[in-house]
Amino acid sequence: MTLLILLACSPAPNATRADPIRLTLAGSSTVQPVAEIAGQAFEALHPGAHVDVQGGGSSVGISSARSGLADIGTVSRGLKPDEADLTATTIGLDGIALIVHAENPMTAISREQVVSIYTGAATSWSSFGGADHAITVVNKEAGRSTLELFEGFFGLKDKILPSAVVIGPNGQAITIVAGNPYAIAYVSIGSAAVAEEQGTPIHRLSLDGIAATVENVGNASYPLMRPLNLVTKGAPTGLAKAFVDFVRSPEGQAIVAKEDFVPVGSALAAR
Amino acid sequence: MTPAGRDRLAGVLLGVAPVAALMLVALVVVGVGLDGAPEVHAAFLTEAPTQAGRSGGIAPMLAATAWVLVIGIGTALPPGLAAAVYLAEFAQGGTRMVRVALDVLAALPSVVYGLFGMAFFCELLGFGWSVLAGGLTVAIMILPLFVRLCEAALVAVPADYRAAGAALGLPRWRLLGRVLLPAASPSIAAALVLASGRVLAESAVFLFTAGASTRTPHGLLEPGRVLAVHIYQLAVEVPGGGARAAATALVLLVGIVATTSGAALLPQLLLRRTAA
Amino acid sequence: MSAGPSAVELRAVSVRYGDHVAVDRADLVAPAGVITALVGPSGSGKSSLLFAVNRLHDLDRSVTVTGDLRLGALDLAKAPGDALRTRIGLVFQRPAPFPMSILENVTFALRAHGAPRSELPGRAEHALRRAALWDEVQDRLTRPAASLSGGQQQRLCLARALALEPEALLLDEPCSALDPRSTALIEDTLLGLRGSTTVLLVTHNLAQARRVASRCVCLWPAPGGGRVTDAGPIDRVFEAPATRELADYFRGATG
Amino acid sequence: MRLRLGDAHVAWALRPFAWLAVVLPALIVVFIAAEAAPVLQLEGALAFLTDARWAPTSGVYGLGPMIAGTLLSGALALALAAPWAIAFGLHVNLFAPRWLAIGGRAAMRLLAGVPSVVFGLLALTRLVPLLVARHPPGLGVVVSAVTLAVMILPTAALAVDAAVAQVPREGPVAVRALGLGTWDGVRAVILPQAAANIRAGLLLALGRAAGETMAVLMVAGNTVQYPTGPFSSFRTLTGNIAVEMSYATGLHRSALFVSALFLLAMVLALAVFDGRRT
């Protein structure tokens, strides 16, 4: 508290140094890596600009964009009806893939099979040509945009079996599947692709015959995907607009692609 | 069973505890070291991270952690010790209610402190995401723990000293500096160690208050990503970040030994303990 | 600090721990500069009465003290607690030296009460000499007090109390844990205080009482709390005690 | 003349800090209550106990399973950590050779600073796979209790260590003087005298267990159900907050704050009950 008093009487520190123009982003942890890398690239082009990327999840993205704590909120979903006061600019797309352990013989899954597993109708891998062993169903927690997209697409609203294991971040879901030959989960295609490249013992299942790859999301043949949005109060202006435009520019979209997300240009054109 | 026999048996059985603690540390160091050790080299400690932490170093994280540790302990220690002294030595009654309040508050999930810090320090007081907001929030979080342990330490000081002091017509506060605090200093040191350990171990609080930006904070109002948050981001959010998370954790382990050992010695140095 | 010794006078003093009455309306006079022994079997409330004099019971809220307590003209109930305790010293049954050096144990209270730094060594030496400890510690004053023997520690506590030059000195069975030599040294010190300090000595050691005290007050346990059953010149009290129980008690002890 | 400062002045000067130590954290309880108010006004506190399931995005807020989960994991963690902590405190003070006393304390200090995400990850990647074969999904009560016990061990162990260190030596020495051993001294003198501090340390450790977020979140499985067996996946009140808070909005978010209120109430009951016994 003594420190607080000291601070109160000292002039605001950042007013004295050559004042960097500061741009603050906050929100979805999925978008955070892309935002950070894009931020560093943006700073190279705009000396004197400081891009700070905070985390905390989509709801922090929305609330801090509204309160002005952040100049740009990042969310890994479309805006909800009650968020009409904000403007969303899509910078990329992220597919959702079902993943199983590398040793799991299954390589493809149909929409009906997903429903039977996630409602608990089918409880053993034997009904899918695997060993007679209980399926460990991994679900996401309420509020996650991936869950809403997943439930919406497969018509599983309030129908997913209550005994499913619940884990939020993609990284952890992948770790659980990598450690459990009898588990099935759904995660972002990008994170699954990187994990497979690094030798993590998992593999993605094709959905209704369509391989869960970044390309198929790009050409809109893979149905299950969500937008990655930069959210601002009203249309983006000034430094925020410069950053949004940068991310949508070819150099920005290259960063999006490198993180195994789907660049905006191609999908929208094809849609 | 002779007394000496009982002692030998007790020595062996009880001995399992510290030995198990050492093995546990070995497990953690090996578990973290296997993936992390190859990544740690000089540049790792001096450069800033790139590619969302998958490459580059963790220098900004070291700075951010130092900031929040100094601010956190610095702002919690004085009022904490003062409160503990008041409760143990001067309070007339009603200390049980305060003690219960402190126990309850010490049990609050850190994510709740994080959200409170964001709403109170970042937004209301306008500090924004900053090491100051992080430090002050964690100070509030460790205050109950610190006060509770220091108070228990003072209460356990033998009453003979207080009676002897009173018999010499000395007011209680005269005994603090040279008699009561030195006698309680082992537990005060433990409280300081736990408080600083808690600051280093915390991720949820700082995610919402000090922020996650990967730039080195140069001022109180600048955001910074502490080591624990960096480990969380890499391990859980950033695809392919596992090895770098382990490397960061390895560096943090070294930092913990240094900080907590320093914290353990602080009371002795401050209180110039004369021979017990 | 003080002009000269003052008498300690208690009128109808009762000490209660919650609802348990330890001492019931006791009268006691410890004449100025005289050594008065307070004797009686354990449980008669001797220590409770002693601690009422220098208001040490203030430390424990569950204790209530009633009656009239005076040090000379000073009403002990109204005087500020700390101040009156500089004028009434107390030595406990169990030595309780501070966790400091031998010298600091004596000077700590002096310094805290405002004695100028320059006077401290002299006054400390004077107090240690009066407690017959100076010769044994003069060359290791900076050693920790805990390094002293039990008898030496008790004499250190005595020196610590005498350093404030109190008008009255209370002792709660000071020698019960000491060797004969230390006991003799403490008794010589007390005898040396006659004329300069009023001494009130609680003791089980009736022989010690005869040797040291010139007056004696007897407390006897009763259901309603310890009562004073006899008081007067020590020889008269020992030879012709007021009650038969006292006679048996004295004969048992000295018979 | 030295300033005649009496205890009353010093007490007056220190009292605000005591209130600060309570009011500041209490501000947080106000914050929680404010955030929890919307859904409480709508649903009433009872719904949180009577609702069968937890589906916050569709207005169903059953906290029952999580309350059971918190109690079970806290109790199990303390049951594992308490004996370990007490044995540690006694051994490093009374029985251990010098190297083990120093090494043991350094180990505990190190463990006190390890972030819970590290413990969570180690458990998830090293411990869970071992259990998966026989007890799918490997996550659940046992793994969480073990991880939690390791998390709260330093708090308890260092507090017990300090409590034992502070017991004056005369007592145990007196017991040895009767020809008895160190262990007899422990039973007769040290444990009784150190009991208050040990209980304070264990209560803080239990509080830490209730408040632990990251580690339990990763290994509990987070299924909203009453834990039936040692390997059933379950969710604690704290896990509920940590796992959903980042993406919760509106009534769902305020329902998470209601879980925080329930957690507070549980710990309050524990602290009050424990308080009465001292």
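Order of writing sets the chain letters: A, B, C and D. Residues in each chain are counted from 1.
Going forward, a contact is a pair of C-beta atoms (placed from the backbone, for glycine too) under 8 Å apart; a residue touches a chain by one contact, two chains touch by 3 or more.
The structure displayed is predicted, hence computed values, not measured ones.
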In how few steps can one go from subunit A to subunit C if every step must land on a touching chain? 2
Using the touch rule from the top, point out the two chains with the most contacting C-beta pairs. B-D
Which chain's mean C-alpha position is the greatest distance from subunit A's? C
So what's the Cα centroid distance for subunit A and subunit B, whole Å? 33
Between subunit D and subunit B, distance of the C-alpha-averaged centres to the nearest whole Å: 15
Where the centres are mean C-alpha positions, what is the separation of subunit C from subunit D, in Å? 49
Contacts with two or more other chains occur in subunit D at residues 6-7, 20, 121, 245
Can you list every residue of subunit A that touches 2 or more other chains, as numbers and ranges? 1, 29, 56, 60, 172
Multi-chain contact residues (two or more partners), subunit B: 78-79, 171, 183, 235-236
How about subunit D: which of its residues touch subunit B in the complex? 5-7, 10-11, 14-15, 17-18, 20-22, 24-29, 31-32, 35, 84-85, 87-88, 90-92, 95-96, 100-101, 103-119, 121-122, 126, 150, 153-155, 157-159, 161-163, 165-168, 179-184, 186, 193-194, 196-197, 200-201, 203-204, 206-208, 210-214, 238, 241-242, 245, 257, 260, 263-264, 267-268, 270-272, 274-275
Subunit C-facing residues of subunit B, complex: 92, 160-171, 174, 178-179, 182-183, 273-276
For the complex, which residues does subunit A have touching subunit B? 1-4, 7, 12-14, 17, 24, 26, 29-30, 32-34, 36-37, 40, 50, 52-56, 60, 67, 69, 169-172, 190-191, 193-195, 197-198, 260
Which of the residues in subunit B end up touching subunit D in this complex? 2-4, 6-7, 9-11, 13-22, 24-25, 27-28, 31-32, 78-80, 82-83, 85-87, 90-91, 96, 98-113, 115-116, 119-120, 140-141, 143-145, 147-149, 152-153, 155-158, 171-173, 183-184, 186-187, 189-191, 193-194, 196-198, 200-204, 227-228, 231-232, 235-236, 245, 249, 252-253, 255-257, 259-261, 264
Subunit A partner, complex, touching residues on subunit D are 20, 53-58, 121, 124-125, 128-129, 132, 136-139, 218, 221-225, 233, 235, 243-250, 252-253
